[in-house]
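Input: one structure, supplied below.
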């Protein structure tokens, strides 16, 4: 997939918003000081039909929290989240009421193996989703699903612990796909994988975007991959969205200093000041034993 | 016995068990000679066995690793062979070591100053308190460590990673070892401090002492060392003068390291070429 | 609020909640028994006498009034009057506490010390016969009812061998057997937890580094391992307080040791439940205090908690 | 997090995580001792359960002529009472089997009760969090803070020592242990990615708790239950020793022990034998729990994957 798809610069106004996050703030209580601390401040973000949108930022910038908001597993302090123009919630964690849009948004996570229940066989997990969404999941059989994510069918009978990271992530994508979502929120889906698995998962996401009419909210700090995959980009820093726009525009002439730095450094840096980097954590098998 | 031959390793082989109970070779027939005043770089990527090598020299290899064969001699005396193991005698004032996770190598429950003084007292019992403090402060300042008073009074968790890394270097240097083994000792430091530490190591070796400098960074090794040993999967790929190796007189693997690009490619080749380069860069930085 | 004040405040608060909870359980349990007046006056007492006593004890009021009164008395340290002895419970309990404390302190100190030595043996000689021996001792010690061990010890050392007294107080020989019986619990747990803790400390990088700096194995153990591995051991002793107090009660009965255990036994024999209630509250207070001390010990042992 | 940590330039096999050779042997040893414990406990339970159908004497049959007979291997003992008799001439072996029967049944019921209560409290507190968690945790801590025996004595003195009361009292002394451990584990599970993934897929509260949280808690719960079984056996003995156990003709190992303590000098077996039964039962349970913990503990002896 060496041909980088030319992004659509003009967004047609007729497309509906799959996800519309407006002025959302999220705060955590700091247990040490007992004070409320904003991790996301007044963030607005929109993902249109069949659109791929990137959300990038340093670690700790709040991008994963915003992804959790999109997935409906994070309570918010202020703001509004709309799924296909239906209110998902105002300030509470999602409840069972908005059945129409339920299942429209599915997630894929960084920790691939960890995102699957270790004590549930893969096929049973899919079965659970099918029972939860009987109508939505009719469209594809398990076997076809495995074909879609390019995995052998016999993996269905395995437990998550028996999968490699790349296989587990493709299973996670399959679990998202089976309910025929309109939007997949992928929170750093490739960053914990080794290089060849990264390529496979990236290709799979690309395939979803092109062939399944699924919109994608791609959270990452990997700007190279983002450039391949996405039409538009939002940049976060310290809980705020500091820049957004068409991907090529932002990549070629970033407006803010932080974005420029992200692009220059490849967007990959440890949080400074912790004094730990990969070597201090041990990078040889000897150190890991 | 040659008078200036300090450390000599012959045919060192080590194995470990993998998760399935199989045996993996960690070191394959490694030979190494170190002379007085020598600065030898040991270069290798993750899993090359470089850490195992220097830990094995002082007999502190990880319990899962087993030395199969080989001899280790120090000043001509056999310290390790199939029949004897006296490596424990080398530790401290003969062979000082800074291990990879320098930051975690400092005891968390005592003040830094008291740990440093303990080392001075242990290896130089003749020094009084003022003298030993003086020595410690001199050494720390040589690594551009400011605010030494505060650091000496602090517990390890109260100072930054870069500062701790330098304390760890000081802990090894205070014993005045004949050979200093440093495993990735500059990895938590910024470029400026790295230069200070390199200068300090330089001065250290000027008075006839030797250095075993372990790193994954070929260029850094080029700045510090006279000779180099390049390891790949426990096997010596190249060994010789640093200048020659850096000039390109080496195996293809080392050349690929020199060209700032490890010799691997994604399995299916589908990855966009430019991002592969980018990833490769990052993994090394 | 500054962090220290906050810490003290939370601790005192948690302690108070625990004590009040204990007192509440105990209060309502006592009311389940029904009417204690029959116990005191016997079956043939006249209705008049019963009414008089009920009034005297406040039993004719509603349960909430009684509860409020109970708590307000508790707040000023009034734990009620013994049904059997007619004197304030607190005067019965306090003199006994000292005796129990002595016995328990000897048992915990001795048991922990021996347990820690066993742990060191096991951890430094992993897989050896010593290791198996110390693990087995811990396993067995954990499975023995302390009072039964007390009886067996009496049989051997007092009745058969006649080396040690079978009970009562006197010189230090009287402490040995009951202390051994109680000490088995700290011994068992300190051995187990200590071994795990020492093994994990021995795998730390700072131990490796200390060895590389030339320290001998003995020096490494004394300077680094001992202190670093003590923290989980202190934790487990804190958690065991309840179990140790419980075993003290039964063991004291075996050895007629004049502590709270024997007092509890007397209270049971005399069906003196106000005394038993008061004892439950007092032991809850003791428990809170011990855990307070354990917390302080943490701070001494681990500078990372003390300073930030 | 960045990708460096997991990145491996050359496809080297990963070195084994923990087990050095000696630990490995130790694991095997533990497993062996677990099987031994299970076998012993199984046989003991079986014997106790079939006791009414075994050709043994009535455990409550007095025969003062036969009182204080020693076990068969001592002089004066014979095979008519293989393990001797007590102060009233009752057959010790029969009493041990029948006593064990009630002890085990009572403790099992108490463990089940405590486990159910602890599981409910722990899951609700840990998985729901918030104010409910604060209240339930305080309650759990306070319960753990009370020295069990005085609480138990107060209750038994108040309501009398029937089998039902004993079960309630033992469960009361134990549920908080379950609750504390389950809560900790549930908090850990709630943060795990797979639970977040399930929440985002709108599998409801009960679905997640029943199909995901509970199965993941089960191994731990079993280990705690086995350990608590041992602890309760000891507690029951302690209560009985203080004359707060079940009343005759019902008997447990604890009440046998309590009844014999005055005959220690003349007939040690009345005290020692039931105590030995308690020790062996508890020991075998602890052996089972240790072996199970090694098997389920993710930090040691992990499977071949990952």
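Observations, loosely collected:
Per-chain residue numbering starts at 1, and chain names A, B, C and D are given in the order in which the chains are listed.
We take it that a contact is a pair of C-beta atoms (placed from the backbone, for glycine too) under 8 Å apart; a residue touches a chain by one contact, two chains touch by 3 or more.
Being a predicted model, the structure only gives us computed values, none of them experimental.
Compared with chain D, the chain whose C-alpha mean position is the greatest distance off is B. Looking at contacts between chains, the pair that accounts for the most C-beta pairs is C-D. Centrality by Cα centroid goes to chain D.
Between chain A and chain B, the centres computed from C-alpha atoms are 40 Å apart.
Inter-chain spacing, taken between the CA centroids of chain B and chain C, is 51 Å.
Under the contact definition stated at the top, the residues of chain D that touch 2 or more other chains are 2-4, 7-8, 12, 14-17.
Residue positions 16, 26, 46-47, 64, 101, 104, 264, 279, 282 of chain B each touch two or more of the other chains. Shared contact sites, meaning residues of chain C that touch two or more other chains, are absent.
Listed in rising order, the residues of chain C touching chain D in the complex are 14, 17-18, 21-22, 25-26, 29-30, 32-33, 126-127, 132, 139-140, 142-145, 147-148, 151-152, 154-155, 159, 241-243, 245-247, 249-250, 253-254, 264-265, 268-269, 271, 273, 276-277, 279-280, 283-284, 287-288, 291. Chain D meets chain C in the complex at residues 22-23, 25-26, 29, 138-139, 141-151, 153-155, 157-159, 230, 234-235, 237-238, 241-244, 257, 261, 264-265, 268, 271-272, 275, 278-280, 282-283, 286-287, 290.
Considering their complex, residues 1-8, 12, 14-18, 192-194, 196-204, 207, 211-212, 215-216, 303, 305-306 of chain D touch chain A. By the touch criterion given at the top, residues 58, 60, 91-93, 95-97, 99, 101, 104-111, 118-119, 122-123, 155, 157-158, 168, 171-172, 175 of chain B touch chain C in their complex.
Residues of chain C that touch chain B in their complex: 204-206, 208-215, 223-224, 227-228, 301-304, 307-308.
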